[in-house]
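Each of the next two complexes has subunit A plus one more chain, namely subunit B in the first and subunit C in the second.
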Partner chain A sequence: MELFLSQILNGLAIGQVYALIALGFSLVFGVANIINFAQGALFMLGAFIAYSAIAWFGLPLVPAAAVSVVIVAILGLLLERIALRPLIGAPYVAPFLSTLAISTIIDQSAEIVWSPESQPFPASISSTTFFIGNAYITVTDLVIFGFGAAATVALTLFVSFTWTGRALRATAQDASAAAQLGIRTDVMRQIAFGLAGALGALSGILVALYFQSVFPQMGIPFGLKGFAAALLGGLASIPGAVVGGLLLGIGETLASAYVGDSYRDAIAFTLLLLMLLVRPNGLLGGGRLDALGGAAAAAGAMPTTSLLASSSSQQSALRAYYLPPWGFLAVGAAFTLVPLVVSSTYVLQALIYGFIFALLSASTSLVSGSVGILSIGQAAFFGVGAYAVGVFARPYGLPADATLVIAIGLTALVAVGAAIPLLKLTGHTAALGTLAIGQIGFLVFLNWVSVTRGPMGILNIPHPVLELLGGLRFATTEQKYWLVLGFVAVALVIAERYVSSPIGRVWRAIREDRLAALAAGLPVRRYILLAFAVSGALAGLAGGLFAYVQQVVSPESFTVETSILVLTMAVLGGLGNLTGAALAGFALAILPEFLRGFAEWRMIVYGLLLLVALRVRPQGLLGAR
Partner chain B sequence: MTGEAIVVDNVSRVFGGLKAVDGASLKLARGETVAIVGPNGAGKSTLIQLISGVERADSGTIHVDEVRTDHLPPDRIARLGVGRSFQTSRVFPALTVWDSVLVGVQAGLIETRSGRLIDPVTESAGALLGLPFWQRRVAAQEAAAEAALKLFGDRLWPRRDQPALGLSYANRRRLEIARLLAAEPRYLLLDEPSAGMNPTETEELTHLILDLRRTHPDMGILVIEHKLSMVRRIADRVVVLNQGRVLIEDRPDHALDHPEVVEAYLGRARSGANFQDAHHG
Partner chain C sequence: MAETDPRIVVDGIDVHYGAAQALFGVSLTVGAREVVAVLGGNASGKSTTIKSVLGLVRPSRGTITLDGAPVNGQRPDAIIARGVASVPEGRRAFPEMSVYENLLLGAYPRRHEAREIAGDLERVYEAFPRLKERRSQLAGTMSGGEQQMLALARAWLRRPTLVCIDEPSMGLSPRFVDQVYEVLQGWKAQGITILLVEQNARMALELADRAYVLQHGRVAVSGTASDLASDPQVRKAYLGAA
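On to the complex of A and B.
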């Protein structure tokens, strides 16, 4: 009982931090109607700038924190200015992808500046512990809770009683009405982003104090938890964000105490998916998600989630260049000749990864483009396929035809299961749902040690043998090249057949207008699940082939970075255009292999590429379909 | 026994504190054309939302051909043969005109005669392999789609390869109706089909509906329409809604000239029959 009470107190402290991150989401969502994917990156920067101010410049904690809050608030303003303002009136996916690109750039730059390793945070609060009966609470908990609560109260007072606060709320209620009354809604947007930056930085510093460490990858999990808290409370509601944060903090602390600490994050993300499934409008939420095309599609107020249609769209944006299904076979046939000319195993190996990522990128384009549910969790499906081969190839000694069928089937099943919580969602909310799926996948690969062997991974995967071809063994790089090329070409033919068939047409109709698709008598959910099954099958095959090529499967191949990479490929190629996705996937996967020293900068360059593409060619290289 | 008809019985729907539809009853038999008129906020559109399952009724029942539908999802109701248009027409912006109409016939493609849906695996096999049984179904649906587009003369058919977002406002409305007709519905619910159309286009639409009555004598048509001159020409019956209730239900000339109706529409009684088009929106 005392332990239970201590956990609650402990949970309130971390929950208050989640509440602050959640408030950042809520403010921006309320005023600008977008979900700021980069909120987590601002949070991480807040922690690291405070870290540097203390460790490099010897500032005491409080001034360091103040410096950090000011700098990150300014970065929040810049984010709005650079990444979002130019995209007003663009299709709904553009601002989200833009914040995704910014987030990637910030995260990767942080890894270069501060190294990818975790650093001890150089300041701490007294570790004195108070006892209330047998329950205990540390001063750190109290300070964090106090600061978080004070910031929340200050924000609430600001929003409730100042003129600017009222203008902010008016803009959130109805931006065009507010503009008609003379409120400068563009300034309000900037204020919201600045405040979100300040809140992000403050919460980052509190988390650093709480866990006594900072690491560049902390942005995404904490950002996602903040989003979960915001969603739990109703996304556009300030009291909701606070209640959501506290509930999440308590739930997570209890879960980590009674279920196991390694599942702490997985529990938060599972809770997020459950919330999306059961009550996507949140506990205290109003109907604001509808405005985003989120929950309760049937409300009739749902806007189009079209990738292309927008106030500024041009008909020329609809021109897409793509191969017919047999075209993939023709290209594949041409590539079979390469090993006859090129003998370098290094080059062949690079091309093999190019093929695998072409397939993975196409699988992402299918759900993200054709159905319009941006997938930031594709690495999880990729991983399921890879682990299926890893698990079944050695201990069970199954041939590649069997393991690959298992990889394809299992991943399709997992993808369908993962899609169920997303069925009611569209737009940014669905995208964050896929991110949660990706994170859960990664945590399962990392922590389900009895099956995945945890961080070690599965080693010594045997060379693939195709029993159907009389036990043909693929041991050399050339042989594996032909094997991968064959499977990828055939899979792309099937995928393209799907997208060009009436089924693909229905997928695009669902993307364009889900309600109209329902009114046309189409079983929308079934078609979405089918899309996830096909996408999962393709990603599973890519994963299975990847396992055979690498001969090792370990969790770090299936991080959110991989998911963002393949989504970037799909967007650059032209969402929904499998030819474009395959081309971009192939090109961006082999590029780092041929540019020395590029690997470290790769994600930053691709993030910038995405940012620029969203402004100058949002339909992608070959045109979205 | 209600027979082959859409029967709305004592249905209510409350939004917050507002009773949008308040105990309304209505019957649309196959082969008849019924117009719903009434001032803004009378609950006309909500009634179509309720019949098509986009909104759920708080109380009351709705039957389509004796199947109770007030708890069914919109796609199921659509597959019972209820096609509806939207007040602000909903086309699939990035799809071409031709693809949009094919989406309209897709439900027919995957539905068997017994009303069951073909499972996704069979559908995938049919679509990917181009099996003969599938190709025959596709050909039949494409013929229906082509016929529906050609109902609009040279308004849509020559534009079939253009994306819907490039269409004019009136053509979007036509495309939406073509998509509905391609599915050969038993009932057609049109929510202000002439909104945003000029007099010539409205005249064209009036003729289209009159033609439909002739070519599809078994189809029940429910039209929400503000242009009362059009209502007088197309409707067998007129249902006047006011504040969510059915004020009157009668032949067009009786209903539209009824003093209570004139008052509900214009706020006060007027003499004479100068009660023509309430809105020219």
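On to the complex of A and C.
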């Protein structure tokens, strides 16, 4: 009982931090109608700038924290200016992806500046512990709770009772109407981003104090938890963010106390998915999330759930370029000749990865583009396929035909299962749901040691043998090249046939206007599940081939970074355009081979590419379809 | 007819929505203290005309001047700042804010005049007792007619010299349409200049001094309201005369 009470008190403290991150999300979502994926990056920067101010310049904690909050608030303004302002009127998906790109760039830059290692936070609050009966609480907990609560109250008062606060809320509810009352909606957006930056920094510093350490990768998990908290309470609701944060904090502290600390994050994300399943609009939320443009899209001249639509009616239509299904066979046939000309195993190896990522990128484009459920968790499906091959090829010694069929089938099943909580969601919420799925997948690969061998991974996967072809063994790089090429080409033909068929048309109808699709009597749920099954099958095949090529499967291949990378490929190619996705996947996968020696810059280059592409050609190279 | 300098001069504007062109060289003027109606059927370009004046869409050709100064390409807030108020199409009350807060936001451009705003709020409550009753209720929970009254009152709290109104009778019962036009008659009597876009030609022509009829994005007919009301073609097309 004492443990229980202590955990509750402890959970309240960390929950208050989640509430602060959640408030950052809510403010920006409310005013600018976008999920600011970079909130986690701002949070991380807040912690690191405070760290540097203390460790490098010898400032005491409080001034260091103040400096950090101010700098990150300014960065928040810059974020709006550089990454979002140019995208007003672009497709709804563009600003979201833009913050994704920025967040990738910031995270990777932080690893370069501060090294990827975790570092002890050089300041602490007294570790005096109070006892309430037998339950205990530390001064740190109290300070964190106090600061978090004070910031929340100040924000609530500001938003409720000042002109700027009212104008902020008005912009959130109807930006066009607000502009017609003389409110400068662009300034309101900036204020929201500045405040989000300040809240992010503050929460980052509090987390650093709580865990007594900082690491450059802290942005994504905490950002995601902040988002989970915001969603739990109902996005765009200030009291909701606080309630959600506290609930999440208590829930995961109890989970880590009674189930085990390694499950802390997995439980937090599972809670998020369950919440999405039961009450997609959150505890205190309204129904404003149905469209990707938020209320603006829902209230627009043509209500839409499409992530390719845009708030600007003064846009012209763009055409898409794509291959017919047999075109993939033709391109594949041309590629079979390469090993006859090129003997460098290094080049062939690069091309093999190019094929695998072409397939993975196409699988992402299918759900993200055709059906309009942005997938930021594709790496989990990729991983399921890879582990299926790892597990069944090594200990069970099955041939490749069997393992690949298992990989495809199992991944399709997992994808369908993962899609169930997403069925009621559209727009941003669905995207964040897939992100949670990706994280859960990674945590399972990492922690389900009896099957996946945890961080060690599965080593020495045998060369693939196809029993159907009379026990043909693919041992050399050339042979694997042909094997991968063959499977990828056939899979792309099948995928393209789906997308070009009446099924593909239904998928696009669901993307454009889900309500209309439902009203037209289309079995929307079934079609979404089918899309996930197809996408999962493709990703599973890609993962299986990847396992055979690598001969090693380990969790670090299936992180959020991989998911973001693959989504970048799909967007660059043109969402829903499998030809574009395959082309961009192929190109971006072999690109790092030309950037050797710049390995740590790779994600930054991808981030910049995505950012530039969104600005110059938000519909993708070959056009979204 | 306006003898003094016109408040609004729209001169030969084209507006495109992507590849589709909505307005073709539309020109109109609104004189000081004048009520001008823009009439026309669906997709005739009436709303686009008023949106251009408010800076919500950008003409690809032509100019718009407000009190002699060009306002092309300016943001809506800059145009509102020059004494203009807007009653948007579909009312657009802020659904999750109280009636009181909605009204208050109407006075946003003159937010530093706290005392005057308090007085004007009282006058609004006197004129619209219904809004007073519901002042702490969320605007989104009110009926369409009540929301239209709210939108009118919100625009009035701007204390504008010029109001742009987009389809105030849309989706309202005849009783509320009458109430809306009573309010607008009152504004006209106060000397407020009004640019009104309306599908309900009968009501609009009763209120307006002059009117323009748009057809397929072009001005088809224009003249004084009484001339238009007796024009056989207008009567046939827009007033339902046999």
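By definition in this document, the second predicted complex is superposed on the first by the 600 of 625 C-alpha atoms of A that agree within 3 Å, B and C clash if a C-alpha of one lies under 4 Å from a C-alpha of the other, contacts with A are read in each partner's own complex, and residues count from 1 in each chain.
In this section, contacts are C-beta pairs under 8 Å (C-beta built on N, C-alpha and C of every residue); 3 or more make two chains touch, one makes a residue touch a chain.
Just so it is clear, the model here is predicted, and its values are computed rather than measured.
Asks: Can A:A167 be said to touch subunit B (first), subunit C (second), both, or neither?
Replies: The answer is second: A:A167 touches subunit C but not subunit B.
Asks: Can you tell me whether subunit B or subunit C touches more residues on subunit A?
Replies: B
Asks: Is A:L518 touching the first partner subunit B, the second partner subunit C, both, or neither of them?
Replies: A:L518 sits against subunit B, while subunit C stays out of touch.
Asks: Examine A:D265 and indicate which partner it touches, taking first as subunit B and second as subunit C; both and neither are also allowed.
Replies: neither
Asks: With the two structures laid over each other on chain A, which partner does A:I494 touch: subunit B (first), subunit C (second), both, or neither?
Replies: In the superposition, A:I494 touches subunit B alone.
Asks: Looking at A:R505 after the superposition, I want to know if it touches subunit B, subunit C, both of them or none. Which is it: first, second, both, neither?
Replies: After superposing on A, A:R505 lies in contact with subunit B but is clear of subunit C.
Asks: Kindly classify A:A179 by the partners it touches after superposition: subunit B alone (first), subunit C alone (second), both, or neither?
Replies: second
Asks: Of the two partner chains, subunit B (first) and subunit C (second), which one does A:R526 touch, if any: first, second, both, or neither?
Replies: Once the two structures are laid over each other on A, A:R526 reaches subunit B alone.
Asks: Following superposition on chain A, which residues of subunit A contact subunit B and also contact subunit C?
Replies: Common interface on subunit A, subunit B vs subunit C: 313, 315.
Asks: Of all residues in subunit C, which touch subunit A in the complex?
Replies: 16-19, 54, 56-58, 75-77, 80-81, 86, 88, 92-97, 101, 104-106, 108-109, 111, 154, 158
Asks: Okay, in this complex, where on subunit B does subunit A touch?
Replies: 49, 52-55, 73-75, 78-79, 83-84, 86, 90-95, 99-100, 102-104, 106-109, 111, 117, 120, 123-124, 127-128, 138, 162-163, 165-166, 179, 183
Asks: Which stretch or stretches of subunit A touch subunit C in the complex?
Replies: My answer: residues 163, 166-167, 169-170, 173-174, 176-186, 286, 313-317.
Asks: Would you mind writing out the residues of subunit A in touch with subunit B in their complex?
Replies: 298, 300, 304, 306-309, 313, 315, 318, 494, 497-498, 501-503, 505-506, 508-509, 512-513, 515-524, 526, 529-530, 533
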